[in-house]
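When the chains are written out, they are named A, B, C and D in that same order, and each has its own residue count from 1.
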Amino acid sequence: MLYSFTNDYSEGCHPNILERLAETNLTQQAGYGNDQFTLESVAAIRKLCQNPEVDVHLVAGGTLANLIVISAFLKSYESVVAAETGHINNHEAGAIEATGHKVETVATPDGKLSPELIQPVLNKFPEYHTVKPRIVYISNSTEIGTIYSKEELTALSAFCKQNNLLLFMDGARLAMALAAQNNDLTLADIASLTDIFYLGATKCGGLIGEAIVIGNEALRKNFKYYIKQRGALLAKGRLFGIQYAELLRDNLMFELARHANEQAQRIAQSLQELGYTFLTQSNTNQIFPILPDSSIAELSKKYGFFVWKKMQEEYSAIRVITSWATPQEYVDQFIQDIRDLSRKLKEEASM
Amino acid sequence: MLYSFTNDYSEGCHPNILERLAETNLTQQAGYGNDQFTLESVAAIRKLCQNPEVDVHLVAGGTLANLIVISAFLKSYESVVAAETGHINNHEAGAIEATGHKVETVATPDGKLSPELIQPVLNKFPEYHTVKPRIVYISNSTEIGTIYSKEELTALSAFCKQNNLLLFMDGARLAMALAAQNNDLTLADIASLTDIFYLGATKCGGLIGEAIVIGNEALRKNFKYYIKQRGALLAKGRLFGIQYAELLRDNLMFELARHANEQAQRIAQSLQELGYTFLTQSNTNQIFPILPDSSIAELSKKYGFFVWKKMQEEYSAIRVITSWATPQEYVDQFIQDIRDLSRKLKEEASM
Amino acid sequence: MLYSFTNDYSEGCHPNILERLAETNLTQQAGYGNDQFTLESVAAIRKLCQNPEVDVHLVAGGTLANLIVISAFLKSYESVVAAETGHINNHEAGAIEATGHKVETVATPDGKLSPELIQPVLNKFPEYHTVKPRIVYISNSTEIGTIYSKEELTALSAFCKQNNLLLFMDGARLAMALAAQNNDLTLADIASLTDIFYLGATKCGGLIGEAIVIGNEALRKNFKYYIKQRGALLAKGRLFGIQYAELLRDNLMFELARHANEQAQRIAQSLQELGYTFLTQSNTNQIFPILPDSSIAELSKKYGFFVWKKMQEEYSAIRVITSWATPQEYVDQFIQDIRDLSRKLKEEASM
Amino acid sequence: MLYSFTNDYSEGCHPNILERLAETNLTQQAGYGNDQFTLESVAAIRKLCQNPEVDVHLVAGGTLANLIVISAFLKSYESVVAAETGHINNHEAGAIEATGHKVETVATPDGKLSPELIQPVLNKFPEYHTVKPRIVYISNSTEIGTIYSKEELTALSAFCKQNNLLLFMDGARLAMALAAQNNDLTLADIASLTDIFYLGATKCGGLIGEAIVIGNEALRKNFKYYIKQRGALLAKGRLFGIQYAELLRDNLMFELARHANEQAQRIAQSLQELGYTFLTQSNTNQIFPILPDSSIAELSKKYGFFVWKKMQEEYSAIRVITSWATPQEYVDQFIQDIRDLSRKLKEEASM
């Protein structure tokens, strides 16, 4: 195989991380997140959030972050509202329910929640016989590559406050969202518009790690207990601290995200020029083009990607993902191969 | 501070790991534990276990391993039996109970369980009104530095089989147990005498990771679901795979453990020669000497360690831990400082 | 108010129960379901099931029965599949999720599940990242008054066996289903076609109680532990035993259910004759006629019922429920009042 | 068998309850605790508590009450502290742990907790690695028949407030405690000194039911959700309402408890006069005399009771329980039989 576009976690991490791990390897550090590198990365995140008060906790993965946060802030009879496409609903093996809570889902056109979509979930009766929604879970970028605008997030935030709902953003690919061409949100916006969010490193230049950021002061107390209880308080916090310290130095993480986005968007643009359509209008590093099955078969000889969904006859949507490390030349080659296949198909059709 | 003996996770990891991470950084690997390095480390563990069938799963930490394993194999009304000193009973913030299960504890003289100690826990009445013990949880080395002999583990294993109990070994410091001078167990013994155990890397040369090994065939099916559901199935399995692949090459991990043990035992021997006693008879890298409070105060000016327990008047037990990375010269210095303090005390006493 | 058709638990219980409670009040009985009356009712249920082996457990309510059964037979990563209208999905305040399990829902035309509707839920990917369906939950009669035919239940049962799914029937209103005019199932059919079901007394002549019947032998062992652990093993089992003993004597319960059904169906037939339509095609004691809002307003002056759903302009569906104790004369009066209102409306319309 | 002293739930309920059930059987009542009888009993309980504000909820059993209350008020990392003899620790099949919480136990001389006994449980370290105690669970009367004095409860209440702990009293046999000769507490005292307690009917004249009383205002909001979610919100609340309404009319429940206590205490006094000792100093309806095994064998031919614990050679402690319905004449006979056996033994000994 020439190159795999299957996901954005096929490669390791940005070399700066490995260098600093090596340089500092034998310095003795306090355990469980009290090391100097974690403190350094907390400071960097607070600065980006323009808020020196936010709580920051570094944990190993997205499912872990989701289950810790959601179970920490729900009473047993309270639920979390998510898009049907939400990661917690589909791809976490029931992790949220395993902590005792219902995920209430909403069908969406684009993977995003809005006040209009959430309102019907709030209209419950009779009292005490139904779960009570308390957290709104959104992903940015979403599981299908779309992003929230500042206007959308502001409206959602206001709606949540009015309805006594907490707004929680899954940011496994938040760097890609913030680096998207049409994005108008900053990390500071997100820290103030959500109650809690996380900024993922695993999919954007790190080896492991999601930084949970608690903007809502009322949610901060004793949060570390939940991290410990769910098995996420790890002895060598330096591993997490060094990653964020390096990825946030000079905005490296967002540069890496921009690279990832650009590669996917270059592919998208070429496909569009060739007349192909897409399952979703993504602006980030995941795209879902709809291609002829014959072309898919050809491409899969050289490239890895996921066949997402059977569409109309002889067409399927595929998922193509690029990463911080995707080499430009493989993308060029992929585009060229698609163009060649398209031409060939047109020639065949015209015969 | 000259050096901290507070724990065995203050330093980073063995340099071989960092080197291999760097070398292989940009090769594309499958996610979620299907990378070549994880396969390599699984093979290495199976070889050490002398059993090509055991299931191996790499997770981030000990609490995570404990809660995944215990909750996976208990019905809701079943309990896990542990020593009062067991990690799951004291230092996991209720992680096991949070998965719905009672930890039934037994007072022990040395942190170790035996058939005689467990038998009373099995005598329950009336039926259906009490929890039903199903897993026996032991740690090797224990939380207080002791280790199981082959005879002890064989007896415990037979007892568990007779009583329909699963035997689970917490091996966060298993390398230290196996590297102890008086140890007569092999990893193959442990794989065959327990139903499930884990071999920890975090405290023995790695940055992160515990390798869960399932010897009991009946427990293997679908185990990966539990790992995913608890948030422990991480995207970049290469981080875990490379650590075990390197630490198990040429028994590196056990060499590192031997080093850690030797440093602590050198301190222990010196203290013994000076007439000091110990809270527990440890053969591994954690020792609990009882020292005069005045000496403790002096030592704490140069060294880090944990004051464990107030003992008889003017004496306390401290916990001194050495690691795979503890430099011999600091241990020499520590021993010299204790000797000097001891001499001084004797001189004062004789005045 | 003349009479409330709001639900079928407004009245007490059949007088035979109260009489036997009084007669046997001072005999000493063993506790926790080992009393003679419980034994008597277990025998009666086994006889009706034509199976002397089924396990029978009497618990206080439907939500309790649902959460005990479902949590007893699911591994933590397994889910229960239900119709969107299923009681466990809507009206149990997240009771199932509170035991750690996802309820996966399917939209249905009539509140009933079928192989065709369930199949898509089984097609999950990727392995280990999604919950695994294991129990199929159905209600008979359903929450909207419909019932399963023998052909439907047989097909569903076969499908479940083929797909390693357990079939669980919520029988809070099973007596009404079995007493419906178009029913062709017996309790013995249900005991053999499902793995587990319950037969409710609360809504059919009793004060309290649901009888859980375990047909699948593999599910019987140690079930009482679950009952105890969820707080459902009650000291004075006589209260439950006497109810079932009396309600099953000479098929009393099914006679009472037939009465309840007939009253609702008489109302339904009159409405149909008057040209009104229904939200669902119910054959049991719950009907959902669609009436003009003006008539609803008039009727609500004399009768209790639930306004279920706003329909097309100036029309709403209401829920009318009759019980084992609903007096024939109030039903006659209700029908008469509807006829009068209908005539009045037609007169007004023709003016 | 002449009579069973095995427990206090062998008989049915006070006849007043059955009469009122019969009288009111066909009146239509609102469901789920909104019936007039429940309202009547809530008013009666508020009056006895001398507090018109307390929340009252009627549930079916003690384990259910315990698990609802404890899980409602604990965050996931918080624990409940109980005496080792506490019902939640021993005889609820892990019901509390099944809701996700650790029960931390304290050895006690008499089944009662005190500030001195609880203090050590509060001294935890390191922060975040251990569970955090939040509820103190006590039983009155205790599982071994002892009761709390006003002084003891006042001290415990003050200690809890100082330490941010909630005080929860299991009152499955609270009527017996309040009816004990040496009792100096009122229900109003208990309502003001605890945060939450329940007053049991099952063991004191009722068929089923425990009345949860929430004195602490901060704990009242939305409590009914927990009741529903745990399956304890039952359709025909009239069954519970009528029991409390009748049992609290003219203090009937406490009269019944006094009767139960007197019968046990008469037996106790006779045994004491004969020189026998007791396992615990009970003032209520459960006594634990230590008798010769030969006498126990003789007595068990005519009477039911529980052999509790093997004591010194040829002696065992038995548990004798009397109820609201225990006939005086059987107690007289039991006493006479013991006297006869004692005399016979003395005669044999003197031969």
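One rule holds for everything that comes next: contacts are C-beta pairs under 8 Å (C-beta built on N, C-alpha and C of every residue); 3 or more make two chains touch, one makes a residue touch a chain.
Bear in mind that the values here come from a model prediction, so they are computed numbers and not experimental data.
Most remote chain with respect to chain D, judged by CA-atom centres, is A.
Of the two chain pairs considered here, B-C and A-B, the higher C-beta contact count falls to A-B.
Centre-to-centre separation between chain A and chain B, using Cα means, comes to 35 Å.
Each chain gets a centre from the mean of its Cα atoms; for chain B and chain D, those two points are 43 Å apart.
With centres taken as mean Cα positions, chain C sits 53 Å from chain B.
Of all residues in chain B, those that touch two or more other chains are 76-77, 92-94, 98-100, 128-129, 225, 228-229, 233. Partner chain A is touched in their complex by these residues of chain D: 32, 71-72, 75-77, 99-100, 127-129, 132, 222, 224-229, 233. Of all the residues in chain C, the ones that touch chain A in their complex are 76-77, 79, 90-94, 97-103, 128-131. Those residues of chain C that touch chain D in the complex are listed here as 3-4, 7, 9-13, 15, 18, 21-22, 24-31, 60-61, 63-68, 92-95, 98, 202-203, 207-208, 225, 228-236, 238-239, 325.
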